[in-house]
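Going in written order, the chains are labelled A, B, C, D, E and F, and every chain counts its residues from 1.
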């Protein structure tokens, strides 16, 4: 619905932050995040920082999934389902 | 100084004449020649008819030149003058 | 005046030559600028290849006597034919302005088909680019051609000898006049049609028959007959003397050009060939050319002399002489 | 929606293919649309000729990693190389907008000289047209090329067999990203440079060594790797299965494309070759390619199978599968 | 590996997938958000799900649900002399009743692609002689960015800037969708809309319709774990609202962003492509900001322009039919000439079926 | 053969030429008119004249004598927003101090070539949103056509049309030329200017300077017979004014055309390229027609811009030096980058020497 990527805040001047994502730098307006600070990861959408990403809760979630019952996991080769690409007019 | 060709008047509507010169047709304004009539040859310059050409005086002049002393006429081959095209920087 | 490209640089006359000489010569293999197609070296063969390219733009795209597709295909065919080679393969590059109707492209494709069938050439590859609205003008068409010629033939602009005669295969200036007339806002009217035609069937049999008695050929296009004559004079370092009254020019052409102050020698043709050949084949070649509909107005118009090497002299109708020079830029209508 | 040309028709994807199929096929000799150059029949010879054309436009004309001249010359070289042929001769067609500085043309001519020297090709003919201000965009360059190949070689897009493997000679999407970044008003910044390069020295020794074990080659340009893969799948009527994680893509490329919602498989490359070859030479060919600086990131990225003939399947990084389709038109940044 | 990258991890994805495969009951979920749709298709998740799990792509993105009438209005606006339409790139191909913005541009209209509303405002400031209209497309994620831009225009006295607001909001659409009793067991809720609106609207849905859902991020691990959560709540027969995107979504959302929306916009009825008029689902400009309303400024009025007869998007969206059951599918309606939002969106249900078959 | 064509006749031309060759004294004539210059060169008359007859090309055409300052003014006008400059084609290449109109057009200025002033007026009527300026270039032949056009603009209430008048008149220029005592024995007078002004001005010249001349048409027979007349009057030591173009020139000229000039224009000082300021040799707009004056309308003022140092056009025009004696000739001054009017005119003395040598 709304494309947004997590970008790292490099600097802030007034309500504009310079942000970086894997070597791509751009500006993002911080009007919605008065508390944002350099070093934060922010979700950037349409030139605005929408939210500061919370590392702690991310790590917690990751930990949960990584600890998922190993036993039930058996790598199945993904298979193509039978149907061919449907016929087009 | 002022390119003009003799064109034949084909028709006139208000102050605009349709004129012809060897298959080329165009419009010429007759504001300067209220007396012009279809069939006249007019000198056309910049979209205006400048003067009606006088056939009688033309024929007269031509007659004069055609009758120029034949005796003194001897066709000489035109010669290139000696100078080459001048050197250019 | 700062050095920028103006329309004059594209008008085929003096400034175009200067651009080639001063700028493009850096990467051009040989001084090929005065030939219509390059002859490619594939050593040890009885046949050589010829290779040429032209970019075509014309407004309007359809005009009395032709259209962009015919112009483009015929133009490339003629350039190959001018080297004495048989046209075989073409490639096309389209530059289309956003917003052009696909039906127009279809019509143009049909005309390409017609023209390539007529000339027995195969269109073997192509490319299409679309440019944003306002960065093109309808359709531009770039056409490259490959042909085949006998290695033994040596028809090129450096090959003209003193005493050679010059034949033009028909009336000059028709195409340029037709295009002027076809422009929407042009205030003069006349029935002149473009002479746009492909010359393979007219020229190649003559090449076959007269072989190396034909020394050079060129189809006068942009810059008109005067440009080609000057290129020939310069490449072969001979003087070319042309008899004005022998050059076929239709009355209607004067009818259009006189009021504009333009010189028919500088106006574009699109279906004529200028041929330089030995004087001894002159009459036979002339008769052969005249027997073909596209060559019926062929005439011997001049001779290669030593008078002023590198220049073209026009013997005027009243018996005077003047240099016939390349046009300098665009042909603009004159008031004076 | 009326049928007019839009930028999408020039974007190299689905609509470009349709234009060729529905409109241009009328005059095209064979269904050559999926090959980069035509192979010309000069019967009875050990060598065949290849012939191709491309029209080049790029804005800005000079960009990080290259410029219009390099793009144009290398592009044509690569198309000839893709057929397994040695590039020999080029012709150039310039379309210059009135008002361009002649110094720019000089710089471009110098770059052409550099590129043609580097690639050992000769520029043998050309043409120059100037279009009025507002009917062009700086400079467009049309380049045609002629090359020579052994008649015994049969490298073409219809020649791919089940079991063949696919090698890409380096990272994808660099050029398209560099061009986006170089646009004046583009709000994102990154150091990505174009991969613009000529591939003769990388590819021709491999062709020499592996001969007909190489089945098809193509340099992915407009429309990106996905377009070439789809063209291959369609021409050879095979299924191509690609492993996403094996396709070399730089992190910076994701860095730029993710925020724009664009897919690297659809983005232009300019110095990469996709090679389809017998599986038995895969490792040797890969090692040979990797030993050349232009091929150091080469990788085997997929296999020809029978799964869904005519389609390309991507095995995603997480082990899923999806079809990899041609892009439909222009790549436009997404909000969603 | 950065902690953010771990959400792309194939290993973790496979672990979650193995868990998903433990559930054998039939289950149909819909992701509301087009960006989720793209993610599910591009990453191949769709092909990895067991056959008992059916996936329906939701109404897609705000771009794709923009009605024909609104597209026509944008094209009409583009033909006002001296106007420049600034827009997100993906709006260019969305079809009106006869044309789209890409075609309008082909015909010489001035249409500029921008990367965000602030770029459009900058364009206006740099071209004071041109009237710049920004197409306000987007849900609650985008609406505050446009609101903030309009406030800046006001502060900076930029008078040649206005917005053609086609903004829509999500909760009324969920309400409308669920009111028709669709064959959907649960939702993946839009992560970035939720960043702004928080979790409350989904709790309202739960209360009213007894349907649960999971707020999810956009990486494979995010999506697969969300599906796992959905399956668990189904098994427990306990519909819930789960915030699985905790790193970006607070329960209360982003209050600042909501304040921007509420200051500048007011809700109004809106027309959704394929779904008809949904009451109070659109955002128009409020009070003192009306002077930045392009409709007011240029006297533009949306004409209702019904979807073409035959389009069965509504049913596709409700999971009632498969795309290829629509009579228009692949014939009148293709990705090159799309009709409904499911085809307009390059990754909508119909477009996906057209392009990818049932791989 | 039409009677008009007979004036092109090679036979008659040769007959006259034979007569010309009967005269063996040195004689220098100048044709005042650029169109005569073109005719003399194109037809090869120059090469046919015996060596004792020296030919000097006059100030050329009204286009070529337009001063650098006036060209600069036209280019300045072209850069006013929303302006379209309409002009005869041959003005495009005439150089100002830094540029010319062709280059201005290359740089994106709106310059349209028209075939006459009425076309310019029509362009204005068809493009009411554009301010159309017509460059009023020309001598007494052209000035009435522009005057008539301005009157039509007034009648038809076309307010977006104006004229940048650089018109010049011939008699003051003859006066200025003869005042410096040039090495010229007689003139070929401009046929088409004379069509309007008649023969009186040349009779004034005869009285004041005792120099004769022949009014001539533009075909070979016209020009050769004019030269013959000049030689005859020199032999008789009897300078006269001969009207050799009787078919087109009445003694009184065209009174109607003169009335148009006098109604719309008033004489003023004018700057001639290569000749400096000549009093009362230009035409400005008069009284009620001032609203069609582009200078008034747009507040444009001609700046004096002297010819580049070194240009010796004045002396070339007076027959005092040959073109190649000018230090700029062929180096700084070429047909591609012309300096003085003798090079600006494609058939001016310097251009002709450059292109045709002394053939």
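We take it that a residue touches a chain if its C-beta (ideal position, glycine included) is under 8 Å from a C-beta of that chain, and two chains touch if they have at least 3 such contacts.
The structure presented is a predicted model; accordingly, all values stated were derived computationally and were not measured.
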Moving only to chains each one touches, count the minimum steps from chain A until you reach chain C.
2
Where chain A and chain E overlap in contact partners, by chain label
D
Tally the contacting C-beta pairs at the C-F interface and at the A-D interface, and name the larger one.
C-F
If every chain is reduced to the average of its C-alpha atoms, which one ends up farthest from chain D?
B
Over half shared or under half: which fits the residue numbers at the contact of copies chain C and chain D, same or different?
same
In terms of CA centroid distance, which chain is the most far removed from chain E?
B
Would you kindly tell me how far, in whole Å, the mean C-alpha position of chain F lies from that of chain E?
71
Taking each chain's centre as the mean of its CA atoms, how far is chain C from chain D in angstrom?
34
Between chain E and chain B, distance of the C-alpha-averaged centres to the nearest whole Å
76
Scan chain A for residues touching two or more other chains and write them down.
1-3, 46-47, 75, 78, 80, 84-85
Hunt down the residues of chain E that sit against at least two other chains at once, touch-wise.
14, 34-35, 44, 47-48, 60-62, 88, 106-107, 115-116, 119, 138, 142, 356-357, 359
Any chance you could list the residues of chain C touching two or more other chains?
2, 4-8, 98-99, 132, 134, 187-188, 261, 308, 313, 315, 319-321, 323, 334-336
Full enumeration of touching chain pairs:
A-D, A-E, B-C, B-F, C-D, C-E, C-F, D-E, D-F
Residue numbers on chain D that touch chain C, as the complex places them
2-11, 16, 19-20, 23-24, 26-30, 32, 35, 37-38, 40, 42, 45, 47, 49, 51-57, 88-89, 91-103, 105-106, 109-110, 112-113, 116, 122-132, 134-137, 140, 142, 144, 146, 148
Spell out the part of chain C that touches chain E in their complex, as residue ranges.
98-99, 132-134
Which part of chain E faces chain A closely enough to touch in the complex?
3-4, 6-7, 12, 14-16, 18-19, 21-22, 32-36, 44, 47-48, 51, 60-62, 88, 115-119, 138-139, 141-142, 144-145, 148, 170, 190, 192-193, 195-196, 221, 225, 244, 246-250, 254, 256-257, 260, 324, 330-331, 334, 353-354, 356-359
Going by the contact rule at the top, pick out the chain A residues touching chain D in the complex.
1-3, 5, 7, 21-27, 44, 46-47, 75, 78, 80, 84-85
Within the complex, which stretch of chain E touches chain C?
105-108
